[in-house]
Structures are given as structure tokens and as C-alpha cells.
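In order of appearance the chains are A, B, C and D, and numbering begins at 1 in each one.
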Amino acid sequence: MKKTMTIVALVLVCVFMLAACSSGAGTATEEPAADAATETAAADDTVAEQPAADDTATEEPAADDSAASGDKMLIGFNNFLKGNYSVDILERAVVQTIEALGGEAMVVNDEAKPENSASNVDNMIAAGVDGIVFLGLADTLFPVVAQKCDAAGVPFVITDHKPTEDVLETLIASETYVGGACTEDFNTGRGIADYALEDGLSKAVVITSENTDTTHYARATSFEEQFTAGGGEVLNISWGSIAQLSDVLTRATDVLTAHPDADCVYATNGDIGSICLEALAKFPDMDAKLFVTDLDPSVLEGLKSGDVAAGNGAHWINGNISTALLINYLQGNHIVDGDGNSPMIIVPVMVLPSNLVDLYDEFWIQNQPYSNEELQAMVSADMTYADFEQIMTDYTVENRLQAKVDQGLLSQEDLDAALAG
Amino acid sequence: MNKSLGKRDFWTSFQHIFPFLGLIVIIIVFSIIAGDKIWTPTNFVGIIALMIPLCIGGSGMIFVAAQGSTDMSQGALVAFAGTLGGIASIYIGFWAFVPVSVGTGILIGIFNGVMVSKCKVSSLMVTLSMLITLRAIVAFVTNGQAFFVDQQILELNKMEIKLPIFICVVALMWYLFEYTKLGFFSKCIGENQTVGKFAGIPVDRYKIAAFALSGAMAGLVGVFTVGSIGGISPQMGSFFELQVMISMFVGGIPVTGGATSRFYKLVVGALMLAFLQNGLTISQVGAEASELIQGLILICVVFFTLFVRNKFIQRQMAKEA
Amino acid sequence: MNAKSENLNPDLQAKGKSAGQYKMTIITIAIIAVLFIILNVITGSRFLTGSNMLTVLTNSVVPAFVVLGFCFIFTMGITDLSVGAIMILASNIGGILAVEVGLGYFGLFVGGIGTAVLLQLLNMKLMLASKIPPWILGIGMTMVYEAIASIYNAYMIGQATQVVSLETQCRELGQAPWNIIVLAAGLIIAYLIYNRTNIGFGLRAVGSNREVTKMMGINVNKAILLAGLVGGIFLGLAAIINSSYSGRVMPTTGLNSIGNIFTPLAAFLLASALQKAFNLTIGAIVAAFLITALFNVLTLMGVPSGTMQRVVMGASVLICGIISQRGFKGVVK
Amino acid sequence: MTAQKGEVVFKAEHMKKYFGATHANDDVTIELYRGEARGLIGENGSGKSTLISMIAGIAQKDSGTMTMNGGVFEPQNSIDASRHKIGTVVQELGLVDGLPVGMNIFLGRTEQFKKGGVLNMRRLYREAEEQFSKWNFPPMPMRRMTGDLTVEEKKIVELVRALSIDPDLLILDEITQALSLNNRRILFDIIEQLKAANKAVMMVTHDVEEMVDVTDNITIMRDGEIVDTKSCDDVTADDVKRLMVGRDLKGAYYREDQQESYGDEVVLKVENLSSDHFQDVSFELHKGEILGVCGLSDAGIHELAEALFAVRDVTRGRVVYTKSNDKIQSPRQAMGLKMGYVPKDRDKQALMVNDSIEDNVALPTVELIRGKLGFLSPKKRKELAGKVIAEFEVKTSGGGQLLSSLSGGNRQKVNLGRWMIQDKEILILDCPTRGVDVGVKSYIYHRMTEAKQAGVSMVVVSDELPELIGMVDTLIIMKAGKVEQVSKRSSGFTEEAIIEVML
């Protein structure tokens, strides 16, 4: 028993080490071959070095090249926590852009630890990336990353989370910072607050994630600010843990018990939104409207059925834009803003009208809002800051849908019908 | 009299080199996969930087582990001590950073120790509630937000400063653990607490001391963590305690503590974990697969360590015959 | 034996069980009742209303089942930290069978309980065969299970959707009165198994002293596997009630699933601390209810959630621990 | 009593068991008869416990055959053995601490209480209670956790567990050493009852005199083989000892003089010491004196030993080290005042069994090893361990060897040696010869006499009266926590007189 266990375990180690090597160097199509290699290798340790040695050989040129076209660029992206829908969907946008532009993506998992955000930058640099799309959820990380990238001479862009102005200045001072496309998380909360005030609502509760989560913190507090400024009252902000939706549900029912007079419920992301629907269903006497940020599939359902009064989001394209900025730089076109600095492009947050829910689902969730061709068009020697600003100005749900019509993915009649409601 | 163990057979000597062997295998495999990427100076510095907090945290926790107790609060304490140190550095001056941070660690450690030894609450329960409480306090104090501290802290992240401090601290803890009463009695308590008490060890005092050391080291790790992320983040140090435990147990320190706890095993384990995590990342293994492989390799390494140890004991028993 | 196990073995900390226990039970219930009444006054009579109590009870069902699962696994001295990851996988596989395959409740039960039982048995089997301490094996298996769930999640993201959600199907189980009925049934079954069957005594014997148990002629491996089976069933139940309750269970990575079981773990430790007053299985439910009620009442009192509420919880667990250990003379690790 | 050869109840033939290369049992053949009480005796490591484990189903034989009640007997585990009506009380404690007492009696045999998969606990506890009263043991709370019991109570529970199967063969492995005199008497009555009921008893003990008294025949083992089986009518204790060791024991076993002899200087003064287990104990210990303490199980003698070394808290009174007039308040302080303490339970209280000899020696001698900056020199540790090994003739391959692989006698040598190599003035020895064979016993007595001559004062607490009678200058007899009588060696101790006082 012991002996077999040992052998099995030994073989396992070999297999996984080699699996690591094959999945590292090979693409998906090469996998069967790599598997075959591991099988033979597992049987005999001496053979093990053979395929591995091959891999290094194929990889070396990739590590050496700088932005030279023709070879595949390797671009790193740090996912703050695999398994978190918002960042996973952002990862999808980044990876799609990189692949559409003929690059290779390297995704690392920070496991929700800020230390890992820093050390993974080291790791990506060591792996020989040509550029980094950095998702920093704590402002303090940006100077550290700038320092590391400057030392290694690897360009980076930032995405999604926008640092404060002070931090942005230090970033601009960095040689390797080449821009960023971010969302003002504060705008999301403000937008909802305005919308709710217009509806004449005055007593709100906020259901959100942990207050250590910068995104949710910004959404919740900006909502509170705006709502209070507009004459409303925020009765309670319930900080829960987004990792456990049952926990959020428990929190939500507790809060609704405590404040049965609330007429507005703001859920700071899609998952929490669907949870709030559950919670509200338990209080049939309550007459509260639900607002959600982040347009993910469950929120779309709610919008369609009318359970969700309004939702905003659609800002995940900042992954596309920031990656395009980086690749432009890598191909020799450093885009600068009016002051000659690396740009910070603000991706707007949009409120989705319920009549467009189906089309949104098809072209934002099922497919990417920007086609590969459009993404490729974003990267060329002619692109300027003004062009990107234009893209942002044009970025509305209606315009995008119109573009889809132009691409022949959608008939004009369907769009018109949808717009008409 | 007093001869060494007689002839050393294969398993006996293997038992001593095995922790190193696991490390060597991991290094060789990743050298093959990742090529010279792993041996570039920057990457090597990166590996060392990964190892340093694990080693420092472990050098405190090893006393607790040797006594057979558990310290789950270390990660939360990293955040708590780092945060208080950071706040102190803003209000009092940069010099206060390290003393406040380490001091906080020691105080919380003493509290843990008193709860365990005097109030007789199990260490898991004490440190788990401490983990929950400290995390919440950090979230409260920082209002959930990352913020900057005196930028001199970034100096601490420089290897030329970090490394000497690390070496000094680890050397000191090594000495304390292997060559003084503190370490020896900790191991004895782990072997059999009653025996320790009957042989005149003031058990309570040594327990408190072990938790205090663990806390102090957590405070120091807090300082370095703040340095490495450039400021205070309430999420820093999350699950740090588990990472440290993995390094210790993978290195071959028994979960139950006792005489076979050795400091070098911690260092080897920390290096192994650092090489594994770094190697998997720079070999561009997908994030999902990387965790899978990491888990399996950890289990296999622990299994082999135990396997070799059991073989060794069997041989020794047989030799008695 | 195992230090990590001994501190989790509630039997070792339990004092004699005799007439004194009934007194303790009554005193403890009285203390809780008085506390509840005081809190009710503080919250302006919003706490002890029927609907609020029902809310608290509903909210405590999932943690209660997790704690019941712990009763069967952790009591053996097997501190398996991978239960958090197992539950995530079980919820999702149950969901897939229920929704994607369209088997409804049948699929949910088979998928959820089946997964939890299988993985728990796999853990036990691995632990017995390899002799790896459960603590470290649990961490390793957590990584493996998290990775599997995460691969599934990545696949679903690639398919432009999220991990499976029950939507409107099979949601009754997570609501009153069904969840309460299931909880009551679960409690009775757990109580009987733990106190009145060979499985229960086997696992308690193993947790107390594995060597002696073996010497007394009990098949230790079988006892562990059986207890793992029962524990797996309760964890599986917890997992499916959880998905039925909240609709969707998100995978996570980087050992974050261990964070999910900290609260149930605290409740379990609380239950073992309450052993003087309640049997472990009953104590499990009481502890889960108390912790949920604590959060509820703190919310009613307007204590900030996420921060001060958790401080109060951590402190309460510690204080209960201290009170229950008063006068304890044995070895504590 | 003549050894009547009744019907054979149990037979083992050509039993062999190896541990590695060692013959733990080499071709052992033994027959037990109905109505017989058999003693099994031999030095530590002679293979008694191995033989018993094989019969009890705890260890599996390598070869040989066993028959029980005429049928082939191949037990897979102890439950299997009990089905064949063999009840065993093993040497190490064999109870699960975390279960109620009643459950421990029936653990593994609960089928009889099962009803629809659920156990009828009330009936189980009632039947367990009945077992206690059936064998004349005082009642115990059946629902209490076994871990809360004392060692002696646990041993009784184990005995009742073994008896509860109504055994045809009862095997007792070193049970008497854990029992106090009153419970020993109950046990001997039980043995008589079983004999009268035509059942067999096999008993192992190191107390040769006791064995000669209680049993009908004695089987002597040495080096894994059976040397001889003698009828108790034909042998004396000395014969048995000789056969066990395989040679004549040189010199006297105990000290030879019958006069107390010690200096005038008082080294330790105990004044009105009281705790939960004893009240108002006062005595003076002189230089070079061996002071014995004896009493029944509830006399509080072991607790007194713990209190002397300040391991146990006292409610009143004090222990004073007269030279410096210090009140002893902690074990560490006591050690600083040149006191040493050998606790009763060697493997649970005194030694780290899974650790090396070196570490175990270093534990109480750490102050000798300590250098500048608290440096514990590995070299000094090695030297000290070597010294203990050399001076106390510990059979080992070196200081690095784990204690778990040493025999009980060698462990006890390490245990005593590590205190005796230091220049201690006062030693508190609680059952210093518990569970060691006559060879080691005689060696320990020899060392004690030497130490006494060197001026070391000793407090010896023991459950074995012959040992106290043989060694002490002053004997304190305690009863129910109070000092009942103090007598000097010259007054001529007799076992009967002492027992009378104790009862």
C-alpha cells in the first residue's frame, strides 16, 4: 500500500510539474501533444527533461523581443481575485483585446491579497512580459508598481480603478506609465442617487460588500453623499461579504427588519442585486425600489421583469481601452493627452433603459461590445488621444448598438423596435 | 560511550536531507520549465522577497507550533500592527513606525498567550476570535480604505535594507529556538506539557512568551508588508497565517509540535513555497491550474516527508533489535 | 495524538454529565432569555417579534447545518479546513444537476449531498492512507477544490455567463417553513446519530484517543469513514440549503473559502464551550442561532456592520470560551 | 493449594512473533486450565506483554496456533477475543477518555442494546451499573466522562469491562500496581470467585511475592521463551526471581541494616500542609534520610508528593527548605534549591517518550548546560546524556535514541539518572520502581542506598509495601488524607501491622 502510494505520488508530482510546463508554453491546441509527452515522461524520469528543454527553446525568443511586430507580445494582467465576477469579466475584456491584437495574455491571480498585487508584478516582469495591464485596488500600490516597472523598463497601464489625483501625478512622473482607462467609481453611486431622488425617494438603505473593497466603498459612500445632499436620508449601509452571498442575504434581511420604512434599496453590484430581490420578496408589505450597479445577467433579468428600478454599469470596456493604449505604446505610438502626459481616460457609467436589456445581454454579455476589428482599429500609428476621447464620447448603449447594425450583426428594424420600447 | 547512531543507512541519511531534496526537485523542475527566467537577478530577488515575510512570520510562529498550539491571528495581526504603526508614523514621526508596530504585535501576542495559558481557552478558539476581531478593527480604523504613510517606508522595501534586517532577525530567532531554554522548553511543552510542568518548566510563562514572539514577528512582517505595498491596506496579510503554516508543515515541522520542530525546516519550507509560487507564475501556468498544482504538490511533499520519517523510525526500531 | 485535534475535541473538555447538567441547561437558557428580553427593550421591541425571530431562525439554518457537519468531522480530531471549498463545489454541482440538467430537487439533493459526501470521503481516505495531518491536508485539498470550482467559473465566464444560479427553481428549501422543518429533522437525526448510535460513539472514541479505540477492537478506519459520510451529508445539506437560500454560490480562490467557515467554526467552538449546558448537537444549533441573532440585534441597534459587529462577535466567542473554561485544570493547546 | 490440572481451557502452541529481527516470542507454548490462577512473570522485554497482546487479539501472531474452549482461536481484534470469552486488562490504560464510563464498558459490543439502529442508552447504563455491583466494586456514575476519573478508577473500569463479558479466561497485565491495597483485595476476591466458577485467570505482575500468594502456578518467561512453569506450593519468591533473571541476584535486594541512620540536620520542613486531598501533614526530613509514605488510594500520598515539589497548589501550610528558610512555591524554585522530583507516572508525567534520551536528560538539567547568553551547548547536552547512559548502564545505541524504543526499565534508569547525576540534596521519588522488573529494581535500590550514604535525603512515596519496608528510615502511614502513624525503622516494620493502620 505504502509503496504504491509513493509511486503514485511521485508520478503525480512529475505529471503536474510537466503539466505546468506544457500549459505554460503551449497553447490550447498543443495540449494533446503535451499530454502525450507527460505520459511518457511520467513513466521514465530521464525522459522528463526532453519536452521541458524543448519548451525553453521555443520560449526564449519571446522573452527577448521588445515591441517588434511579428512576434507575439506577452502582456500581463493581474486578476485581483479569481472567482469574483466583476474582475473576471474585466479579465475577459483584457484578454480578448490582447488576443484580437495578436498578443498573448498572461493572467495572474492576486488572491485578494494586496501583497500579491505587488509581488505578482515582480513575477510578471520576471516572466518576461512586454507590458502590464495593472488592476490596483489600493491606491498605495500604484507608486510601488511604477517603481518596479521603471526599474525593469516594462510599460504598464492601469485599468478600472482610478487612483486619486495625487497618485496620478506620481504615476505620470513615472517613465513606464503609459496611460489608463478607468471608471470613477464615485460616479456610479452618484448616478443612482440622482436617479432615485428624481423618483422622489427619500429613505434609502445600501447593501454592499466589505468596506475594505475599494470599489464597493466608493459606490456606497458616493451614493450616500449624493443622496443626502439631495435631501434624502441613508438609513443604513450594510457591509457584508461578497464572497458569501448567503451572508449578504442575512445582512440584507436584518437591515430591512431594522428599517421597514425604507423606500429605496441600493445594491452595489449584480450579485448583491439579485440577493436584494430575494430579501425584498420576504417583506411583501414594503414598498421599496431596488437600484443596482453592474449590469450582469441576473440584474438584466430583474430590469426586464421590472423588479429592478434601474441599473447602471457597462464600464467593463475600460479593460479594452487600457489594453489598446498599452499595445499602441508597444507598437511605438505613445498616446499622450493635451499636456503631453500619459492619458487617463474616464470610461462613463451608463444607466441602462429596460427596453434595451435584451440587446445589451446579447452584445455586452454574450459577446463583446467591441468587435475584434474595432479593437484592431484602435491600435495604429495614427491613433491619437483625441481619437480615444472620441471613442469615449461615442460610447453609449445606443451608439454601440448602431455600430452592431453597421457590422450586420443586428437588423436596423430590431434596434428601432427595441429603442421604441 | 556516547557513540553516534552507528552506521547511517540510506533512510537515515535520507531523513536528514529530505526537506532539502523537495526544494531541490522544485528548483530543478522550474529551472527546466521556466529556463533562465528563474535565475535572473531580479527574479531571484523576487523569490527572496516572497520568502522573507514567510520566514520572519514563521520564526515567531514556530515557537507556538513547537508547543503544539495554533496561532491563527498572525495574518490579522500583520494588518493591525501595520496599520497602528502607520498611523503612529503619521502622527508621531517615522521613527515610531517599527516600535509601535512590533509593540502592538507583542501586546496582542501576550493577550493571546494569557488567554491560552491562564484562562485555558484553546489556542484555536482564542486566535480565531482574535482574527475576526482584529480584521474588523482594522476595517473600522482605516474605514476600509488603503492610505499612504510616510514614503520613507518604501526604503524598507529595498533589498539592501530588508535583507540585513531579515538575516539579523532570523539569526536571532534561530539562536533562541535552537540554542536556548526558550526554544528547548517550547519543544518540551509540545512533546508533553505535563512532563514539562513536573520538570519545573513555568509552562504558562513560556506559552505567553511564544505567543508574544509570534506577535512581535507579525508586527515586523506588518512593517515590511506596508513597505512592499507602499501604504496601509486593510486587506494586507489576509491568510498570511495559513501561508506560514504551509511553509512550516511542508518543511517537515510536525503539526503537533515537539522535539522534531527544527528551524531549518521552516527556512526550507518557506523557500519551497516561494519557489513554487514564483515558478508557477513565471512559467505562465493559468491561475486556476496553478492553485491546483500547488495544492497537489504540497500534499505530495508532506506525504514524502512523513513517509521518509516513518521509514527512518522503522529502521531505528529494527536496529534496536 | 494530534494537538490540533485535541483542542477541537469537545468531549475532552466536557465535564461530568449528571444531574448538574440539567441545572446548567436551565441556567444557560435563563441567561439567554434574560439577555434577549433586555436586548428587546434596547431595540424598542423590534427584536423579539415573531417575524424577526423567524428571520433569525431562517438565517441561522445554513450555519447550523455547517456546524452539525463539523460535529461529526471536527470532533474526531480531523480539522478539515477544506469544508468551505467542498460546500462551494457541492452547491454548484447540485445547481448544475437541478437547473442545467433539469432534475429539480432530485438533482439538487443528489448533486449537492453526493459531492459533499464523495469529497469528504476522499479527504478521509487520503488522510488515512497517507497519514498526512488533517490540518495540512485540508489546506492542500482546499487549493485543489477551489481550483476545480474556479476552472468551472472560468469556463462559465468564457461562455458569457456566471456560475449556475437556481433562479426560481428549488427555492422553497431555503425559505420558511421548509428550512425549519429540514433543520428540525436534521437536528433529531444528528442528535440520535451522535448520542445513540455506534457511528456517534465510534467517532467520539476516535476523537478522544485513536490508539486506545483501536486496541478496544473498534475498526478505526471504518469509524472515521462513517463519520465522514454523515458529516458529508450534513455539509451537503448545508450546501444545497445555501444555494436554495441565496440562489447562487460564488467560487473563490487563494484559500478565501477558508474565510467562509470562520463564522461556523466560531459557532462550533461556541457549541463545544456550551457542552456543560447542551449536548453538542443541540449546542450547535443554539450557537448558530445565537451568532445570527447577535448580528441581527446589532443591526437593529444600529451598530456598524462589517466592523464593530464582528468585533462584538469575536469578543463574545472569546468570553464564552473563558467562562466555559473556568476552573479547568487539564492541558490546553 | 495443589495445582489441580482441570480441563484445558486455553492452549497456545509454538507462538512466534518478531519485531524486526527480534524474537519477541520464540516458540511459546502454554496451556491454561479451568479453575486455575496462573502467574506470568519475566523481566521487562521478556515477551509477556507480546504473548498477552496476541491472545487478546491486539497484535497478530506471526505463526503458531491457539485454541480456546477446544475450538481454533484466531482473534482479529479484541472484540473478537471477547467473543471467545477472553477478557483482558492491558498494561497501558485502555479506555477512551472522551466517552461516558458506561459506554466504555460496552464499546464495540453494543449490538445487544440496538433497536432500530438506535442504542437504548438507559439500558446500557443500567447494565453497566449492574456489572459494578455484581463484582463488588463501589458504584460509579455511569454517565460521567471517563477522562475525569483517577488512574485507579479507570483501571477498575477496565477490569469491569473485561469481566462484563463473563470471561472463561481473564488476563490481567500489571493491574495491581495501579490499584491501592483495598481494591487489590477486591480483585483477589474476584480471582477466587472466578476460580470457584471454574474459569481461568492469567495475571502478570512484577511483585513476585504477591504473585506467589495469589496464583496457583507461575510461568516464567525470559528472552521471548518460556523457561519454566512452577507450582506456587513448591517455589519461593527468590526462586522465581532467580529463574527470571537467569542468574543469582548478587548481594541484598533491599538495604540490610535494620536501624534508621541519618544526620541531625533537618533539610526540609513540612508544616501543616493541606489541600483537597490531604490535611495537616507535617514532618521533617533529615540529611541522608529515606522517608517513606504509604497509604490507600484515597490517602492522598501521591498528591502530597506533588505538593512537596509545588506542582500542586496547597490551601494551607508550607514546605520550607531549612538551609535558606525559603518557602517552596514553584517547581523551578525547588529545583534551584537542589530538590528533584520523580513523578509517579513515568510515561505521562516524567518522560517525553517520543523524544531522544538527550532531550529528556537535558530537561531537568538545563541549568547545568546553560552557558553565556542562555546558550545551550549541544556538546554539553551530549556529554550529560552520555554520563547518564554510562553511570546508569542504560542499554541504548546512543543519546539520540528515542525513548519509545527503550524498555520500561531503561526508561526508568534515564528518568532517575537525570536527577541523580546532579548534586541534588533532596529527592522526591513517587513510585520509583513502578513497572520495572526485579533486575532494574534491585539496581535502583542499590543506587538509592548509595545516594543515602552520600547524604542525599529522599521522600519515597510508594504503593509497594515491601519496598518501603526494605528501604526507609522513617515511614509515614496516611489514611484519608491524614497522617495516621509515623514509625522508625528500628521499630521493625511488618506488612500486617502497616496494613492494619492503613485500613
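Basically, a contact is a pair of C-beta atoms (placed from the backbone, for glycine too) under 8 Å apart; a residue touches a chain by one contact, two chains touch by 3 or more.
Source: prediction; values computed, not measured.
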{"item": "Chain-contact steps, minimal, separating chain D from chain A", "value": "2"}
{"item": "Reference chain B; chain at largest CA-centroid distance", "value": "D"}
{"item": "Pair with more cross-chain C-beta pairs in contact, given B-C and B-D", "value": "B-C"}
{"item": "Cα-centroid distance, chain B relative to chain C, in whole angstrom", "value": "29"}
{"item": "Between chain D and chain C, distance of the C-alpha-averaged centres to the nearest whole Å", "value": "44"}
{"item": "Geometric centre distance via CA averages, chain C-chain A, whole Å", "value": "34"}
{"item": "Per-residue multi-chain contacts in chain D, two or more chains", "value": "none"}
{"item": "Sequence positions of chain A contacting 2 or more other chains", "value": "5, 9, 82, 109, 111-113, 210-211, 239"}
{"item": "Multi-partner residues of chain B (at least 2 other chains)", "value": "139, 144, 194, 238-239, 287-292, 296, 303"}
{"item": "Pairs of chains satisfying the touch condition", "value": "A-B, A-C, B-C, B-D, C-D"}
{"item": "Partner chain B, residues of chain D touching it in the complex", "value": "19-22, 309, 311, 330-332, 334-335, 341, 343, 348-356, 359, 362-364, 366, 370, 373-378, 382-383, 385-386, 389-390, 397-402, 405"}
{"item": "Contact set on chain A toward chain C in their complex", "value": "1, 5, 9, 81-85, 88-89, 91-92, 109-113, 116, 210-211, 236-246, 248-251, 253-255, 257-258, 271, 274-275, 278, 282, 296-298, 301, 365-367"}
{"item": "Footprint of chain A on chain B - complex, ascending", "value": "25, 29, 32-38, 40, 42-43, 45-46, 49-50, 53, 139, 142-148, 151, 154, 157, 225, 228-239, 278-293, 296-297, 300, 303-304, 307"}
{"item": "Touch list for chain A against partner chain B, complex", "value": "2, 5-6, 9-10, 12-13, 16-17, 19-21, 23-25, 49, 52-53, 55-56, 59-60, 63, 79, 82, 106-109, 111-115, 117-120, 122-128, 138-144, 147, 151-152, 210-214, 217, 239"}
{"item": "Partner chain D, residues of chain B touching it in the complex", "value": "1-6, 179-182, 184-185, 187-188, 191-192, 194-202, 258-259, 313, 316-321"}
